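Both of the next two complexes hold subunit A, though its partner changes from subunit B to subunit C.
For the complex of A and B:
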């Protein structure tokens, strides 16, 4: 369903938006009459059309569509601390600040040739972007998108630049990222964002391909593409350096194609244990966070991509790579048993819980829809139309550490 | 400083607000020109004047004052899921819904003769209030404040009604509360809020005087006024009933006056341990949350009232009862050492962290001001004028469980 099919479909969506606008229900055009807050809003990435939809999680309804965001493959979003603006990180180096209240692009810069995600500082003043080409991190003023600093990811003695991956924020107005080609983890002190400081951890392992930080912002963990295991840095004690954990993570298997590697930005922590997608296996790993050793393995319906905890930690929800990407499973964290298997449709790409966890939103790309489930009854409670939806990001992320 | 002093002072504040309004910086009056979101806003309770101030944590500035809220002794606030409205629970049974965008009262009911706090359901649709007189819980529609159900706190065989305390929300659209006179803990199922179900735990211990739930919504804990120890209910397994923990909580001391009892709505959880105010002693207790046994005691500067964890769990901040209520201390959670002692001024009543913890706001009642500290440098970064401020509540609470 690429090409004409999508175009027709997008045309139909546009007609629908026009109707909503005429009815005065779209934020973008209703002006003063739509004074509202944004705590229950979010953005759904529509990859094929380079657009995002503003959605309302109270009404379970679309509010506006914002177009012109470029290549949104693998796009992600962080939010301003007032939750009015979303910063959308596109694959083509585009950084777009969208205004959820006015339903339009506020500012946009194309800041690199090829990029992969970003983060916003603890105080909300600095947006950082992780670039492949040219490799490095750029810091921008969150208000104006003015460039504050560029940190080239140079490594070794010859001035080579590495792709940068796994960029997250950490407490103390810091960022952390990994150098895929440089085998390093960098801790960036952005308290003075025009003169950032960098602490480098070298030899962390071969080809860190993604990274995450625990929800408290303490432990940064990078997945390794070039070898078995993960790299761990305790940000409370950076002087202790990086160490290797879970050397049996991939059980010595052959390196897998990148498109099958699980996301590491979504580790689920519950009851002192982390639930982690195994690399290339039909398993979710359970890790004891006191010892950082494997505590259990749970057999699941495919190669897990996202393993996400419901905000109360009672459940984790899992989606899968092809050919099992039509399935979503729910694991009870106490018993480590699968308690529900759902088949929402073709290509479930992402899932996002409402802030207090009563519902979960799933993007079902190849069905051109977003589905909403009650997490207690597992009943589908709403469906929304969207153009090839991928990532779903709610504004409550503004208040979370390590995204 | 009651009476004329306060009146003069309030007059001065009003003049200041008038100037702000004239300058067009107050939300309440600026209408369409002040389209804004509320993710970085909060309410400061001004007890002596029955008012709340709307504050902006990005600008560290006041936005509006909302008056006419009645007796705000011991008042607390929860937020609508869109973060536009605050529900203020007054001591006189007043339930006031305030509109942060318009800076005014949206709706107000006086729903009991004497009340103590409340909560909002996981889905944001139901507001529950905990009443002393007549003893019970009332459920209201969060939008209209229409009464949905009344749950009289009757106990024993003679139809007596108990004061209700420690009311919190829990996952699954439930509420939990304690019956002070009935020695019971009640689990209220509000999925159908017009016909709530109640599960009762009796004989939990003498006179539960306050209660809290862990941030994941799993464990409800009530403090006992009439005996040593605490009552614990595992909400994942209500069939297991209530059990007694920390029998040495007060070390067998005489019962203390209620006004010195610590708040139990603020337990700080970090690294699998809880940091808890000891009842009537100059100590903070450290509890191992796997075993629910005491792991350590930390000597502090007074009888602790609030013990609150910075959102990343690295620090807990503590304030104290008279005669030490001019002091605030900071404990490092890893070492259990006090790393800073501050003296903000007379009567530090409450403290609230910004959502990601870069700053903390303190109400210094007898100095008529709110102070803001950088949590990394411990420097005071702002001061705001407020009329006898007590509780401070930021809108990010809308997205948290168990408040």
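For the complex of A and C:
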């Protein structure tokens, strides 16, 4: 490319950004024309007000608030591969494409009566949403949000539709999800997103409540609510079917009432071992990923909700259901010991590490704030005000399989 | 719900509250805490607008015809075989009854 061409291109970008700033956008910093990237940005869901905050994880500061996103209980976000757009999946079936640079809604569709989450394909072209009502998965064009295909989650002989949970992307432009009412795992081939193919695994276990995929995209694991155990599918060998692991981890003991469903959103893996919440128990289970057998169990302060590994795998951070939802604990993955117990405030709902894990952001719902902790010193290093914050999602997710 | 309807249901609840002295014993700060529990914690499964999620919808329409005592008992004791847990460790009987009235009258904040 010749120099003049580059100058013209840069010039065009500068003009474009000048226009953005004129439109009152978040890219204006210190009143000068500045180019802004999005690799250190994120979204904080403010669930009660149907809004999200655009946050800067380097400055630890809010950049913009975007409103009009509907019922955001249990809302989650995936990102475009250029990390500019977030796709927010709302409870009320709303799918909103948010522009982090402009700090505003880019496109929005209400695609179902009741939804639970979504995923973006390996190539970034297809957004998939898992729906409760009507139960199924819908595929959308990531640019336009045009509907590409609908996959009803019918099971059994009578045409009943199941709530769909645990939807993730997998290599090969595939998606994987679980049927809560149907006890099935579905592998969706979206290479032709208008004519998706579905491979079904039935009888995987009672009431799969969430699912996740290992960071390499190979193993899909669904947590089971209706029985002690997890269901595992090797996506390198789907022909081998689904198998049950950690069967009977409750050892026949009566499980405690579950005041909030655990999550398996991001697979906490360290040193060849995986850390997962035990549904209905005050325990984190440790799985040996060579044998898929229980390697250890760690007694913790409550029923775990999120069990998330710091990006380097040295620590696992855990938050809890009621009545212990004011506590966050840190497990050293080498020793499987709790090394820190924090009490950030009432109703810690979610936690998210910065891309390389020097800090972790916690949403403390009933205190109306987000807290940022240094993961080495465990000191609180920042606080941000947010209205009933729940999920926190950083753009680094854009480049991770399963997130 | 129109303002008139809302006022009418508020009046209905108010008169019911007069009847039930137990509800009247629930102090304002506790009601605020219960409302927060209803929206935020019940809302995690039933939706912040009570239109359902993993758990069923709890709108007045969805609850129409269901006996309040049964609803109260489901709140207090849960539904075995489903994810609905017993909330009895967190609520008195009167508080559960108050939540039922809030739900069936569509007064979720």
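Note that in this section the second predicted complex is superposed on the first by the 360 of 403 C-alpha atoms of A that agree within 3 Å, B and C clash if a C-alpha of one lies under 4 Å from a C-alpha of the other, contacts with A are read in each partner's own complex, and residues count from 1 in each chain.
Here is the rule we use: a residue touches a chain if its C-beta (ideal position, glycine included) is under 8 Å from a C-beta of that chain, and two chains touch if they have at least 3 such contacts.
Please read these numbers as outputs of a predicted model, since none were measured by experiment.
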(message) With both complexes overlaid on chain A, does A:347 touch subunit B (first), subunit C (second), both or neither?
(response) second
(request) Give the label of whichever partner, subunit B or subunit C, reaches more residues of subunit A. (result) B
(request) With the two complexes superposed on chain A, say which partner A:123 touches: subunit B (first), subunit C (second), both, or neither. (result) first
(message) On the A-aligned overlay, A:323 touches which partner chain: subunit B = first, subunit C = second, or both, or neither?
(response) second
(message) After the superposition on A, what does A:218 contact: first (subunit B), second (subunit C), both or neither?
(response) first
(message) Between subunit B and subunit C, whom does A:102 touch in the aligned arrangement: first, second, both, or neither?
(response) first
(message) Identify the residues of subunit A that lie in both the subunit B contact region and the subunit C contact region.
(response) none
(message) Applying the document's contact rule, which stretches of subunit C touch subunit A when the two form their complex?
(response) 36, 39-41, 43-45, 47-49, 51-54, 78, 81, 83, 85-86, 89-90
(request) Enumerate the contact residues on subunit B facing subunit A in the complex. (result) 31-32, 35-41, 57-58, 79-84, 100-102, 122-124, 171-173, 216-218, 236, 270, 272, 290, 311-314, 334, 355-359, 376, 395-396, 398-401
(message) Applying the document's contact rule, which stretches of subunit A touch subunit C when the two form their complex?
(response) 47-48, 71-74, 91-92, 113-114, 116, 132-133, 163, 180, 207, 209, 225-226, 257-261, 322-323, 347, 365-366, 388
